[in-house]
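Both complexes below contain subunit A, partnered by subunit B and then by subunit C.
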Partner chain A sequence: MENLGVVFALLGAALAALLAGTGSAIGVGRTGQAAAGIVTEDPSKFGKVLILELLPGTQGIYGLIIAFLTLSNIGILGGNPNISIAKGLLYLMACLPIAIVGLFSAISQANASVSSMGLLSKRPDQFGKSMIFPIMVETYAILALLVSILSVNAINGMNI
Partner chain B sequence: MAVVQMRRINLLGLRKNRKQTLELLQCRGVVEITSLNKEEDHIFHRMDVSSSKTQFQQMQQSASQALGTLDSYVPRKTSPLAILEGRKAITLKEYHTLERKREEILEIVTTINTYEKEIHEKNAAKLKLQMQLEALHPWLSLDVPLQFSGTRKTSAFIGTLPEGVTNEMIEEVFAKALPESGIYTQIIDSTTEQTCVFLLVNRSISEKSEELLRSLGFARPTNLCANAPKEEAKQLEEKIQRVEEEISAAEAGIASYADKRDEITFLVDYFSMREEKYQVLGTLIQSKRTFLLTGYVPAENAERLSKELYETCGVAVEIENLSDQEQAPVLLKNNAFTSPMESVVESFSLPGKGEIDPSSVIAFFFYFFFGMMLSDAGYGLLMVIACGIILKKYQNMEQNLRKSIRMFFFCGISTMVWGFLFGGFFGDAIQKISATFFGHEVSIPALWFTPVKDPMRLLMFCLGIGIIHLFLGVAVKGFQDWKQGAHLDVIYDVVFIYLFVGGLILLLFTTSLFQNMAGVKWDFSPMVGQVATWITIIGAVGIIATSGRDSRNPVKRILKGIFALYNNATGYLSDILSYSRLLALGLATGIIANVVNQMGSMAGGGIGGAILFIVVFLLGHTMNIGINMLGAYVHTVRLQYVEFFGKFYEGGGDKFHPFGIHTKFFKFRED
Partner chain C sequence: MAKNLYPYAVARIRSKELSLLNSSMMDQLIGAKTEEDCLNLLAGKGWDTESGVDKMFASEQKKTWDLLSELVSDLSVFNVFLLKNDYHNLKAAIKLRCTNTSMPSVYILNGTVPVEKIQAAVEKSQWDLLPEEMQSPAQEAFEALLHTRDGQLCDFILDKACLCAIEKAGKASDTEAIREYAERTVAAADIKIAVRALHTGKPLSLIESSLAPCDSLDTDRLAKAATQSEEAIFDVLSTSRYADAIDSLRESPSAFESWCDNLIIRKIRKELYNPFTLGPLAAFLIAKETELKSVRILLSGKRNGMPEDFIRQRMRELYVV
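Right, the complex of A and B next:
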């Protein structure tokens, strides 16, 4: 039972990579379909459309960052993976913001991105603005990432 | 801060000088010609150029088509870097030589297009012949023609029956229905779809047999030919071969013009230039002997151009200042450091009336933010080297591309600086390599501090930078107000905001909550807190009192003011917090780089480990650079567009489109 701490912590890391990654996969899949449609009509838009396509891909990376930070903090990647249950649960909590916000924000961002691609296909000169709309969604993923990073980092220094 | 000053140029000339004048204007490419605001009357009228324009368009299209054909049969040897090379420069002399040859080139174009059409037709014909041959295939072993209908005494049936029919089955059916007469059947070919049969019966039962066969599903072949199938097939094959020869002859014909490619590309450009010229010609007001032209010209070019026009073309030129109401087209001019920002500004919107060109204001922070978000010395070094080589090697590159590359060059420098400050060189590659392969860990110390170890410190720094950036935006707003003569607005829109937001921040500094979070210990005297409170209150009251100054109704005014205060308070809070992305994306680059290095070093030292490390290192860091450069670019742009531009910039200007030489393949060099 005393080993349960690392189990919870790993669950947190796994959730961060899993949920945020799933969100990004769904998101990039959705934007990819729209992107392919636009490139069919006008191959010269590939570069711009690619940027819009990749926007929902970042949440998966944020999830990976938190997962990796957690893994290296709890000593799974070499070291002594022996932490208290309380600490393990704290890690699990710390991972949740990016896990859950990552999942939903990636999907919403993909929807905004697809609409922006529509904008881009009709008004190619408005690329700058079309990029801003999906980026607005990303802010919340970044805030969640920030909370997760700060928490994971703080837990590492805690003495419980 | 350089929106180029525009002047209006009015030009009156004799019609005989028209061609020369337009050519000079097109060559210089500094005048945007606008339609003269004048009705046509019995003296002045506009020329109808639509038919000539259409004609040039068609010629340009057929030249482009010929070029495409030529490219598909004789592929051009191009490297992926060809786009960096820019358009080929030709001298005016070469231009005139080629222009004289245009009829000749046009003939080549027509020939190529005819060949192409021929190839299309021949291919269709070939396909048809091949299908005929295919249909004939089952009948090859038959040695009478397909249309053979029998001899004097017999009737022959040649055709298909459903699949699985055998000699016996046919004989059995015939024996049952017409028992008194014999038949001869032969299965020519049998596939899963059909059975091809040859049937010979006595002529006397010909009709009955036909009925009988029909009930079995008998059908005659569609292409009845006069020769035996084998013979026919041979003829078809010969025909196909002949068509193929003709196709390859046509292809060779096209290929023989491979060396004329440059001339055809010239023709494409030539006609698009002519088209542009006729477009302008259509906007001119002309009388029997004179023509009138008006447009915008950058002030710096006005003097020289008018002199040149007067001297070489003998036209009367008048340069005048624009009226205050007039919105001139916008042309931006910046130095090497700030000009890459022009495209960033342009993708948002060009400066509207009374606004400054923000390129130079955003330049420093653009590079600064980009570098902070990518923040890896190794990645920065790669960017600097790659962009540096490209800039040095391809001097002829198109201007816009050159600016983008220069932008990434400066971003690379900034990335490198931040990388050294934060101690990242391909993540922790040096530590990992030395520890895995050489046994003892060597590390490069961060010049400032390592963000992963102390993220709170970096967060505070990012938010601080954010406040500076936002206040700069507000200052620019004040500058614009001042320049437009709204001197009091500077106090309303700038000073009050500074007081309100600045006071709040100062107040925050004095709280123990903030000091705990930031991990600092500042001892402020209670005076500071009081002063901060008063500053905030003055700012808040000022905002409430002045923000609704457009309304006359005092109640509405106050309500608007309160709303503005609320807006400012929440707006600045979220704006400042938005700069935390600088930290998040900076950490992202570093951590992914570390993950890559960690994965690479998993196999330990030795040769196998080294190979794994190199493979993982190359793949992983390439991916990381790509993704994080995209992230850094996109979020830098966002900080500029949303947070920074939100404070002072609206845009809405029109781009300056000078009448000039807008070609795809060539450009002109002064001799």
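Right, the complex of A and C next:
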């Protein structure tokens, strides 16, 4: 029971990497299929569709950053992994924004990217505009990342 | 879930939509002086015009189905578009047997049931060789033609069976574009049957048995109206979602034919903005078929020296603008 704090914190780190990474994997997989379809018909569009394909991959990186910060703060990566249950629960809560927002925003961003690829296939000159639509979804993943970073860092300095 | 999204297929179709004829190309075709000029323009668009007009259409159709077979592992999802070919083949086989003639060129090869199978079923009167829903109408149509020698009665039976099969296939589909196509096709055919029956003075019992069930049309009222007057038919249509068919029906039969095709094209146009599902694939297929129909009319008009306005009136709306 006395190590339950670490268990909760580790669960938070795992969820951040797991859910955000799953979202990115689904998203990049989906955009990858659409990108392959575009390149089958017009190989010259490879560079452009590759950028659109990679956009939903960022959420997985954000999840990894939070997981890494949490693991580092709780001492799993070196130090004394001994924190209170309350602190462990706080870490778990801090990881949830990027875990959940990362999962759903990556899938939504993939859908927007696939639509943008449709635009790109018909109007290659509109590449800049076609990038904007999926990037708008990124805003919410970044907001969730910020909340998670601020929370994880703030919890580290708390004395509970 | 992801399996039914078809992102690869839709992305390829988005690129292929660029090869469909757009309005400026259609204007050029209509403005061309001769059929030969039209064929030259089509050749520039990648159409195979060198082997003759009939082969050109067959080749374009084959290209579309080859593309779809690359994109979808099970082509039976598009059966709704091929059912009319099956029933055409069945009709041809029955008529050829009853008249004891042979004419292999009348068959359409692209159907859900192989032509040989239909021929064998009709030749041996072995109806169980056919798919279940074709067996009973095939036997009924064959016996009707054999006993009455009335080709029109045979057509009525098989046309209705075809429409019922399209309606059933549409309802079974989870793709909106296919459901819309089936519903609008059946409704348009019912309206056409009602108008034709009125002009030829068919009895109510025959009209009722010819109209296929359709959710968006009150077929009982339509059948009764078809025994009364054109205005009675218009009255039935005015209370349905096909009220704007009235103007085209007043204008001419060919205007109504155009209206039927345009209705479907307008309904499926939203698939241009749908990045997932089978909808854009089905829409592309419908768009290509409608495009081929327009080009057929156009070439025939040019061949017969029809004026531009005459041809333009008969052109169908385009899927891509």
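As a working rule, the second predicted complex is superposed on the first by the 160 of 160 C-alpha atoms of A that agree within 3 Å, B and C clash if a C-alpha of one lies under 4 Å from a C-alpha of the other, contacts with A are read in each partner's own complex, and residues count from 1 in each chain.
The working rule: a contact is a pair of C-beta atoms (placed from the backbone, for glycine too) under 8 Å apart; a residue touches a chain by one contact, two chains touch by 3 or more.
If you're wondering where the values come from, they're calculated on a predicted model, not measured in any experiment.
Partners subunit B and subunit C fit side by side in the overlay (superposition on subunit A). By the touch criterion defined above, A:Ile132 lies against subunit B but remains apart from subunit C after alignment on the C-alpha atoms of chain A.
In the superposition on chain A, A:Tyr62 contacts subunit B only, with no contact to subunit C.
Touch criterion met: A:Ala34 reaches subunit C, while subunit B stays clear of it. By the touch criterion defined above, A:Lys122 lies against subunit C but remains apart from subunit B after alignment on the C-alpha atoms of chain A. Using the contact criterion defined above for the overlaid structures, shared-chain residue A:Phe104 touches neither subunit B nor subunit C, since it reaches no partner. Using the contact criterion defined above for the overlaid structures, shared-chain residue A:Leu150 touches subunit B, although it does not reach subunit C. Minimum C-alpha separation, subunit B to subunit C, in the superposed model: 10 Å. Those residues of subunit B that touch subunit A in the shared complex are 344, 346-348, 452, 455-456, 459, 577-578, 580-581, 583-585, 587-588, 591-592, 594-595, 598, 627, 630-631, 634-635, 637-638, 641-642.
The touching residues of subunit C, when paired with subunit A in their complex, are 2, 5, 7-12, 14-18, 273, 275-276.
Residues 26, 29-31, 33-38, 40-42, 111, 114-115, 117-118, 121-122 of subunit A are the ones touching subunit C in the complex. Chain contact summary for the complex, subunit A toward subunit B: residues 51, 54-55, 57-58, 61-62, 64-65, 68-69, 77, 125-129, 131-132, 135-136, 138-139, 142-143, 145-146, 149-150, 153.
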